[in-house]
Structures are given as structure tokens and as C-alpha cells.
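Take a look at the structure below.
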Amino acid sequence: MTESKRRPKSGSATESQWRTLFRFRGKARSDVELTIGVASFVAILLAWTAVAELRWIAPQFLPSPLIVLQAIYRLFTGQNFAADIGISIFRVWVAFIVSALMAIPIGILMSSYRIVGAVTEPVIDFIRYLPVPALVPLTLIWLGIGEMSKITLLWLGTFFQLVLLIADDARRVPKEYVETGRTLGANDRELMRDILLPAMLPSMVDNLRITLGWCWTYLIIAEIVAASSGIGFVIWSAKRYVKTPEVFAGILAIGIIGLVTDQLIRWLHRKAFRYLGS
Amino acid sequence: MTPFIAIERVSKAFGSDAGPVPVIDDVSLTIAEGEFVVFLGPSGCGKTTLMRMVGGLDHPSEGLIRLAGEPVTGPSRAKGMVFQSYSSFPWLTVLKNIRFGLKYRDDVSEAEADRISRHYLELVGLTAYAEFYVNRVSGGMRQRVAIARTLAANPQVLLMDEPFGALDAQTRERLQVQLLDIRRAERKTVIFVTHDVDEAIFLADRIVVFSARPARIIRDIKVAERVPGERTLDSREGRPFLDLRREILAIIREEAQYNEAALIAAG
Amino acid sequence: AGPDHLDCAYPFWVGFGPVHLANELGYFKEEGITVNEIIDDDISNAYAAMERGDIDCYLRSVGEYQGRPRTPEMQGIIIGTIDESNGGDGVVADGSIKSVCDLKGKTVATEPNLPATLILQMAMKSKCNLTFDSLNRVDIASQDAGAIFADPSVSAVGAYEPVLTQAVQAHKDRGAYVIVSSREYPHLITDTIIARTDNLRSQPEKYVKFLRAIYRAIDYIGKEPEKAIAIMAAQFKLSPEEFKETIANINYIGLDQSVELMGTDGKPGKLHDIFTEIMQLNIENGAADIKLEADKQIDNGIITQVWKSRAQ
Amino acid sequence: MTESKRRPKSGSATESQWRTLFRFRGKARSDVELTIGVASFVAILLAWTAVAELRWIAPQFLPSPLIVLQAIYRLFTGQNFAADIGISIFRVWVAFIVSALMAIPIGILMSSYRIVGAVTEPVIDFIRYLPVPALVPLTLIWLGIGEMSKITLLWLGTFFQLVLLIADDARRVPKEYVETGRTLGANDRELMRDILLPAMLPSMVDNLRITLGWCWTYLIIAEIVAASSGIGFVIWSAKRYVKTPEVFAGILAIGIIGLVTDQLIRWLHRKAFRYLGS
Amino acid sequence: MTPFIAIERVSKAFGSDAGPVPVIDDVSLTIAEGEFVVFLGPSGCGKTTLMRMVGGLDHPSEGLIRLAGEPVTGPSRAKGMVFQSYSSFPWLTVLKNIRFGLKYRDDVSEAEADRISRHYLELVGLTAYAEFYVNRVSGGMRQRVAIARTLAANPQVLLMDEPFGALDAQTRERLQVQLLDIRRAERKTVIFVTHDVDEAIFLADRIVVFSARPARIIRDIKVAERVPGERTLDSREGRPFLDLRREILAIIREEAQYNEAALIAAG
């Protein structure tokens, strides 16, 4: 329920913008949220600077933000870091999109037909627990040392988790919607396409957002396998020669990509699902 | 007339931790094509359950239900349903909700689907709200969305569970008249649940009165015989109407008292 | 791969820079072959890739080469040497530890089947006749050694450069110092060039070209160190200064010295003895369980040809 | 709606048990499901045996099931594998329980007060993308090589993901429940405890199940850090020497633990949330 | 009497893509302590919205609402509400749902809470269903759960949005009588929405009739003056009752016609 802005705009209007932050399920204006978000990053940055500058941790292990900034500059100017970032984003998104395109139909089918669920659930429950690093040699044997094996490793870490989240989402679609669809003549396929899918969409997008992050956590595993590019490779090679500032630069790059992606998807979610009321 | 809907010795019990709870007890009933049957009965007696079984959404524990001779095995477009908790799809607007059922009719072109859904939109008085998402409209309006959607899908049998419950008197009267028109024009068979005795008499060819749970039929009243002639809003003031009204209220009151006594004995 | 192409994998280690240098200087092209370099740290990935035929060669130290699951039948045979560690691998110990013998009963963190482990084992054996059984040895990844040493319960950590230096500098307060390094054991940590056996048998000529180009590159390092370093450093994402610091602890092995190590015309060289000695250590420490024979695992036919062709 | 079993039990009763598997949102009897689940594992086992025995993949990379079985036997009798399994289960559960105990209140608060959300969401969005393996040195510096750093690495991989899932769950609790609670006099704390928590519980348990599996995938990362016990250690040290049968034995152990845990939680979910209807 | 509830020039508009949609238009109304006020008005006019604002669940775009002199800023136990879409907690049984509100009354001991919840459970006729989870009971029964829960919490003001809509005539009558008893015994102030004119007259001290959206007050009828004496079920048959009934129906019909005309002009 979005209230219209007809209320008198007094001095207390902006004040109440801050108070609503502390109200149960209150809504805050996005500029207020932004300010707070930035503030919390500044606080972390200050804490980091303090820990580093006061030498609580030796600089070999925790370089100060300034030194990391210099490393970032070096990476961009000297080593074409932009290309590494590009290739990593490409790999992650290919793996993620393939995962999603497989997980959405399979997850919906798993929740819709017990035969699909009964066949796949135990197998997926089994596979998704496995440590991906241990599966690297097998992936190489099957797929060789090219792009394919890197993307497959990212996919391995993502798909089996995502498909269960999607199946759970589909399972939670209220049976009232399904029954309504039935009495309007929808067949199974139509039920899934026209009812399950849109009904579960908001929570599915939340879960896709979550698993996109998971996919990124596998980057370093995928990009130490016969790679010579990508953020994961940069981190790994810097780590090997104890170039901690470069390691942090790589970590920072991933974190920032994550932050931006997540915030973007959250924003899209709010725009796309306004019908959920607010 | 051959029975269009045949409920044959149907019983239903729900499982619970304390064993099966009987809800419908050996009910038999036949309904002719084009007949308008109203179910009356105390809250919780099993009306919704019986209607859901006719709609194929639940299955009898014993007995069988036939539609046009064929056993009912599941829901279909032939058996349109307006649910007691009028459910609509929150991700669609009012108009798109109404249009939803037309997707699955291959006898209807896109343009015709537009025309039909606009027609029913207007019928339920929601033209001004066509583009509102359904949780931006009031309770009564949401109920009208559900009614329009079911009518637009043009089922053979209309199963309506307290459809007019949340409507104001005017809208209600208008929709009652429209419903009679539609079913006359298109010879629809209707099963209709209401707690409003006036509404029941006004609409029904037959009123079936159920006992408290487990539901048994305690009376099957041929309204068409008792209140002859055309149904108009004025016929509600006539003697036969008022007599029947009194009679039904008496039946209900008696059943309720009997039931109350049982309840006190039990509780 | 075909008769004029090689896929060659090596870990992220400056000692293998000559491969990249030969490529960049066009020496391979001059020989009429193309070489595709693949960087991968994990030796089990190299096994997988070689078994699959994805790679025709890889580069490793002798000790790592011998490790499980190598059997005499497996793909891979040593055809040349490229560099040796000269202080580039070692063990950092707490100031209170005066000699490796004092490590008895202490916690020592090393990465299995890596040079530092062998060096420590060798030192303990030769100086105090101790085996690893007398230690509480825990497995680590060498990169983490500096951080691991922050734990006071750890008395020594094994690693390679520049992790060694980092560990020493970061833990001056505990008097950290390099207690033993490859400098004390010449040739013990020698990196070799390993060819895929099938491919070597069917296309020996291309390996001759390959080795010749590599040794030319090593000669070039001696002649034009600045230029060579600049080229090689880029491959390892290091600055020339960083690269120079690291290679201070290794020696590149030119053709003459390689021939000395490998032997010629089927006659064994020094490497054969080293191979046998390391084999013994590896069997003791559990890194290997099959005793490989040096003359079956070292093939000096190719290097003999290279040597002869240059002598002409 | 659990139908009573009053229906005539004819020969077709068992037949229809199989047919319901193929019905949209049909329910299958648990013994039927079990049979199918076992069958699909047997199928995988056969495929594996075929691939291994026909030498499509060399045994160094894919040993046959029989050889893996022998390795398991060796591990149990020779290397006290049972103790490794025990310590790994212990580490994972400690990390998981700590994650859950932190994530549940924080997630609920994040969804309830924009101030908490605005401060923590961006930071969590940032952190959860980071590759845990790259954070190992920092963890070691802070916590040394003991149990603490292993559990912290598992926690790092789990907490930041879980807390977002929980916040999403809490956000999805319909406002009708909250409003009802309000008009009955519940204060903020009571709303969260008595309404948000029970209302989100079913989907929260689903998400806890998912993240428990996620936590296990970090085992190998945690147990290669100066460890000398645990399934991750067994896998890693076997992998170093390409003792593939042992690697597979370790992988199998994790998979089986996962399978059993997931099935158990699914079963508990069905028992505990029967009020959701079925 | 001092005004217990004061609605002071309240307007409300909802934001939409096409700008603000006015729903309540400058409504002022005062209600005395212990008064029973019924809201009547066409579906979608804004009754629920106004009631939610009194309950503190929505906020006026303009104007102010006071309860006992204090501005209403949010919901509280003082303002009990029965929602139009009767919501109950699916994870609790019928009895535990009813008992829920008693948790937050520190004036009530555990034993007393048990007694009170059992009392209201019985009042709404659900004793036999105490241990059922709420989605195992019928629509009418769920509505009764919501009523019992709100009554058990003993608020000062009762806000009831079509509470008896899904109940059979008997249960409905019984609950109507009980509601009158409760509010007389405990001097509760009640705002009650219904579409049933008979129910409105039977229950109300005052009936406020609203226009179609945006809601304005078009009539404020002092029922107590028009139908004097005690309310019993029989008083429904009396002349004053029937006269008032006819009058209200006329008002509603007129408003509806006016509205229909506007709709046709607009649509």
C-alpha cells in the first residue's frame, strides 16, 4: 500500500524518514538506505585501516586499504585486470544461466510429479554435498582443460543446490491456485507454465540471487584449473608469490561485483513484483 | 430427464490423528441438466466438501459421482468453480484474471477472448478496475473477479460456494438476476451454496437441506413447484415465497436445535 | 598433438620461465613447432591431462615426478632438466630451534611431496638419523606457511620462495630463520622436462626441437638477463624486480650441465643417482609406494641428439 | 488432506500407488518412493561399473565400485576412517549450528527493521561472494591451526548465505499475520517470536537443509588447513598422490552422509508441518 | 458523552501508477463510548479502509483519528479487529488460535486464559473442533475462530469487518445475540461492517451509510431512536423495524443507481 504524498511536508517529514527505519516492517526511502549502506562500508574501511596501520596484523597478511588501492591500479594498468574481470563474469554467467535454465524446469517437475522427485531427489541430495575441488580431475578427464571444464566446475557447484531451492519454491505454491487453474481447464503443462511459474517467481528470483553468489564462490576453484586468466587466477597466482595486496585486490573485485549484482537484482525484484503490495 | 449429475451413495471421511472423521454420510442425489440446485446446511456440515467432490477436487471415500454418465475422476473446465475463499491470482490484474480461463478454450479467438472478458468485467461492475492488481481491490470486488472468471470460462456445470457472500445488497441482487439469465440462456447446470434463504428460494429449482456433520440430506424441496412462474425481484414479496421461506427456516432451526443438544451432550 | 605441436603444462613457478621465453623469442617457431603453454599447479591435473592426451609434456621436480600413483607403465618420462633449486625451497624454524635435530617431538608443517618436505627429511636423516616418525608433521598448502607460522604451537614450516622470506620477516619476534634449504643439497631439487611416452616414441623429432629451443632460451638468459627477465616475469604476473629476487635462489640448467646430469647415449648421468636416492626418501615418507628404476624413467636419447646437433 | 483408508483394497490398489507417481502433485507411498530411490542409485552404480570396467576412463581417474569398496574397507580397518567421519560431522555441525543460531535472529531482524537491513545487507552481499579459500591465511593468522580456524572457515561459507535466505523467508510472511498479531497486542519482540518465526518455520527448515549441504561442500577447504583428520583431509591427502579409490571413498562417505541427513530432514519436515495439509 | 472515537476530516488516497486514487473523502464522525455503529455502503467504497485506519493499520492521507482523545498512531490490543478475510494462524489449532491473544494480557493468569479461551470456543460452537488445525475446518468455522479470538483478547473497541458473512442463519443469529450481550455487559464500543440490512438494524445504535468510492457519509441514522426498546429476535418483525429497513434499502438503491449511471458515463 503506497500512500500518496499528500501529507503536509513539514520539518518532521525528513525526520520521520529516519524514524521509519526503526519501525517494525517500516519502509525507508532509497536515498536514506544508500546513505546508511555507504556509512557501514566506510565504518568497515576505517576499522580495516586501523587494524592495518596499527600493525595488529602484519602487512604481509593484511595490507592497508591504500596499498590495496595501489595494487588495483597496478593490476588495471599493468596486467589488463579489466580483461580478467570480463572473462570471470563471462564464465560465471554462462554457468549460472545454464544452471538456471536446467534447474527451473527440472525443479518444477520434481515438485509436480513424485516420479521425477523420487528418482532425482536422493541423487541430488547425494551429489550436492560433494566437495567440488575433489571432482576436478574427473572433470578434466571428461572435458579436457579448456573453457568447458571451468564452466562445468562452476555449474557443478550451482546447479544441484539451485534445483532443490526451485523445487521447494514450486512446492510452496498454494494448492488453491492449482485447483483454480484446474477448474479453468489448464492441463499439467499449462498449470506449470501459467500458474506455478508466475506464482513462485518472486521467491524464485530471491533464490536465483542467492545462488548466483554461490556460483561466484567457486570461481577460484574453477580458475586454478589450467587457467591463465580471470579474477580467480589473479588471486591464486598472487597468493603463490605472497603478493597479498594483489590477493586483496582480487577479493575486493569479486566482492564489489557481488554487491552491485545483488543490489541490482533486489531493485529489479522490487520493481517487477510491485503487485505483492508493500 | 436423464440424471446429468449423479451422486451415488457417496461418503467421505478425512483422516486425522484420532482416526477417520466422517464428513459426508451416504448421500445420493441426481441433478438434471440445466437444473439449479441450492445446498443449504449448517456451517461445517460438509457442503463445500460435497461440492469439491462434484468438481473432481476431492475424491469420495465410498460411492461414485457421475457427470453425464461418466465417473468424475478429476477437475476440468467442464466443472467451473467459484471457491468459498475466492482465490484470484495476485500477479495478474483484474481483467487478466478474468481472461485467464479463456486461454484454454481453443474455440475462442484472441479478439473474442478480449470481448468476452470485457463483457464479464462489466457484468460484475469492475470496468473501472480492469487494470488494478487484485490485492489492490476490496474483498467484495475480489469475489466478483472470481465469479466473472468462472463465468467467462463457460463451463457446463457451475459450482458456486457462497459466491455472493461479501457483496452489498444491490450488487448481489443484480448478479442474482444475471446468473438466472445466463443459466437460462446457456442451459447451465448450477450447484450453489448459500446461507441466505431468500437467495436460495429466489435462485433455486431445488433446495437440498443438509444435516449437521456428517452431512445427510434431510430435505429436498422442489422450489419450482412451490413458487411457480417467472422469478423477478418482486416475486420475493409474494405469498408462496414467504410461506416457503418460513418453512425452510423452521427446518433449519429444528436441525440446529437438535444439533445444539447433541453438542451440549458431547461437549 | 600433431608432429609439429606440443601442449605443455607447468606449475606457476619461475623456474619454468624458459619455456615461455623460448615461445616469446620465437625459438619454437624457428624450429618449426608451436607450443601451447598451460599453467596448472596441481600435479594430479597433469596426470589426468596426460592420460587423456591433452598434454604432451609437463615440468616437475624429480621428487614430485616419483610420487604416487606413478607406475612404470604410466605415461611420462624424463627427457631433460631445466632448473634446480638453490635456496628456493627450505624450512623456517623458530629461534629456539638450533638444528633440525631439535625438531624432534615438535609440530612441523609442510606440504607433502613438495621439495621442502624432501629437504627436511634429507637433513634429518643425514644430520641426526631421524625420520618423520619423530615429528608431529601436519599437512598444509605451502602458500599458507607464513600464516601458519603465526600459530606458536608450530615450530617449523616448509615452503618455497618467496614464502620463506615472508615467513622469516613476519615472525622476527620469534627469531624465525631458515634452518635448512636446498642450498645445502645441490641437485636434490632438480626440475625436469617430462614427455608423454607414447608421443615421444612416435614423434621424437619434435621433442628434439622443443629441447633445443629451451636450452637456447636458457643461454639467452645468461646473455641478456634484463630482457629475458622482463619477458618471463610477465608470464608469472610479477614485476621484473620480484622475479629477479625469486630467481636468486634457483639456477637455470643449460645444455652442457643438463647433459652432465642426464648422461648421453643411454649411459647414466648424475641424475640417475639422485633419482635413486630420492626414491628411497619418497618410499620412506609415503609419497611413493613403487620403487621406480632410474634408467627406465630417464631417457637421455633426446638430449643426446640435441647435444650432438649442437656439437656439429 | 489425508484420505482415510476406507477405500476397497483391490488388486488395483497397489497399481494406483504407481499411477499416482505420474499424477500432478500426486502423493506416493513412502515405500514406493524408497524403491524408486534405491533403483535410481542402482542404475547409477551400474553405469559407473560399466564405464569403469569397459575402461572408458582409466582406473586412475575412475576406479570401479568394487575397488572403491576395497578402499573403504582399507580406510576403516587400517586408518580409523570412522574417527575421520566423526570429527568431520562434529566440525560441520558445530559450524552449522553456530551459523543457524546467528542467522535466525539476525535474518529476522534484517527483514523487520530497515535500519538493520540497510546496515547489514550491503556488507553481507559483499562478503558472501568472496572465495573462502582466499581467506584461509587471514583465518590462520587470527585463529591459529586448531579446531577454531577449521570451524570458522565452515562458518564463513555458511553464515552469510544462510542469513539472507532467512531474511527472505521472514520477509515473505504475509502482512495479514503481522496485522492480526498487532491487533491482539503483540509487541515487536512478540511478533517476531510468536508470528514471524512459526509462520516462516517450514520454509526456514527447507533452507536450513539446503545450507547444511552447502556447509559440507566447504569441508575439504577447511580440512586441508593444517589438518590431520577428517574426511576432507583423507580426500585431500589421497588426491595429492592420486589414490583415486580413497578419494572416491571419501567422496562417497560425504555423499552418503548428505543423502541420509537430507532424507531425515525431509521426513521430519513432513511430520512436523502436517498442518500445512498435504 | 465525550467522543470516544473521533474521525476528524479524514481523507485517504492510495498511490497507483496513474497517480493517487482517492478512497475516503473528507469524512468526519464521532462515536461515543459503548456505542454500536454499523457501516453500510457499496462494495469497494472504502469501509474496510476506514476501519483499518481506526484500527491503526493504515494512516489517513489527511485528517486525524482519535481514540479517547489520543491520536491513533498504530494498532494495539485496545482495538480488536475481525478481518474481512478472516485470518487465522495455520500452525495453531482452533483452541490455540483463540488463546493466542491472551498471551499478551498480563492481567490474565494461565488458568484464567484457559478458561476464557474455552469459554469463547464454546460461544462460537467449536468445542468439538478445539484440537483441529485451522485449515482442517470449514470456511464458516474459520470465521468463527477469528471472532472468538478477537473477543477473547477483550479489546476496548471491536472493529468487525463482515464477521458473520459466511455463517448459516442459525449460527449467525446466535452470534448476533451474543455480541449484543457482550457489548452491553462489558460496555464495548463496536464498529461493524455488514451488507445485511436486517443485521445492521438489529445490532446498531447508529447506521452510517457511505456513498460509492470515494466514501462520503450520505446518511447517519440513529437506530436507537427509530426502533426503541430491547432488541430481540422478535423485534425484527415489528413495524418500526420494517419501516426503517425499507427506508435504508431505498437510500442504498438510490445511491447505487446514481453510481451505475456514473459508471456507464465513465466506462
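Here the chain labels run A, B, C, D and E in written order, and each chain numbers its own residues starting at 1.
The working rule: a residue touches a chain if its C-beta (ideal position, glycine included) is under 8 Å from a C-beta of that chain, and two chains touch if they have at least 3 such contacts.
Bear in mind that the values here come from a model prediction, so they are computed numbers and not experimental data.
Any chain bridging chain A and chain C, meaning touching each of them, is among D; the list is complete.
The fewest steps needed to get from chain C to chain E, moving only between touching chains, is 2. In this assembly, the chain whose C-alpha centre lies farthest from chain B is C. The distance from the centre of chain A to the centre of chain E, each centre being the mean of the chain's C-alpha atoms, comes to 46 Å.
Centre-to-centre separation between chain B and chain E, using Cα means, comes to 26 Å. Multi-chain contact residues of chain B (touching two or more other chains) are listed as 14, 16, 85, 136. Among the residues of chain C, those in touch with two or more other chains are 44, 47-48, 51, 143, 146-147, 150.
For chain D, residues touching at least two other chains, in rising order: 58, 61, 137-138, 141, 236, 239, 242, 244, 277. Contacts from chain E toward chain B in the complex involve residues 14, 16, 40-44, 48, 84-85, 122, 125, 127-129, 132, 136-141, 144, 161-162, 165-172, 195-197, 249, 252-253, 256, 263, 266-267. On the chain C side of its complex with chain A, the touching residues are 9, 12, 37-42, 44-45, 47-49, 51-52, 54-55, 143, 146-147, 150, 162-163, 166, 169-170, 236-238, 242, 246. Those residues of chain D whose C-beta lies close enough to touch chain C in the complex are 58, 60-61, 136-138, 140-141, 144-146, 224-228, 233, 236-237, 239-244. Against chain A, the residues of chain B that register as touching in their complex are 55-57, 74-77, 79-81, 83, 85, 87-92, 100-101, 103-105, 133, 135-136, 149-150, 153, 155, 159.
Those residues of chain D lying in contact with chain A across their complex are 20-28, 32-33, 36-37, 39-41, 44, 57-58, 61-62, 111-115, 117-123, 125-135, 137-138, 141-142, 157, 161, 164-165, 168, 172, 175, 178, 188, 191, 202-203, 206-207, 210, 213-214, 216-221, 232, 235-236, 239, 242, 244, 247, 250-251, 254-259, 262-263, 266, 277.
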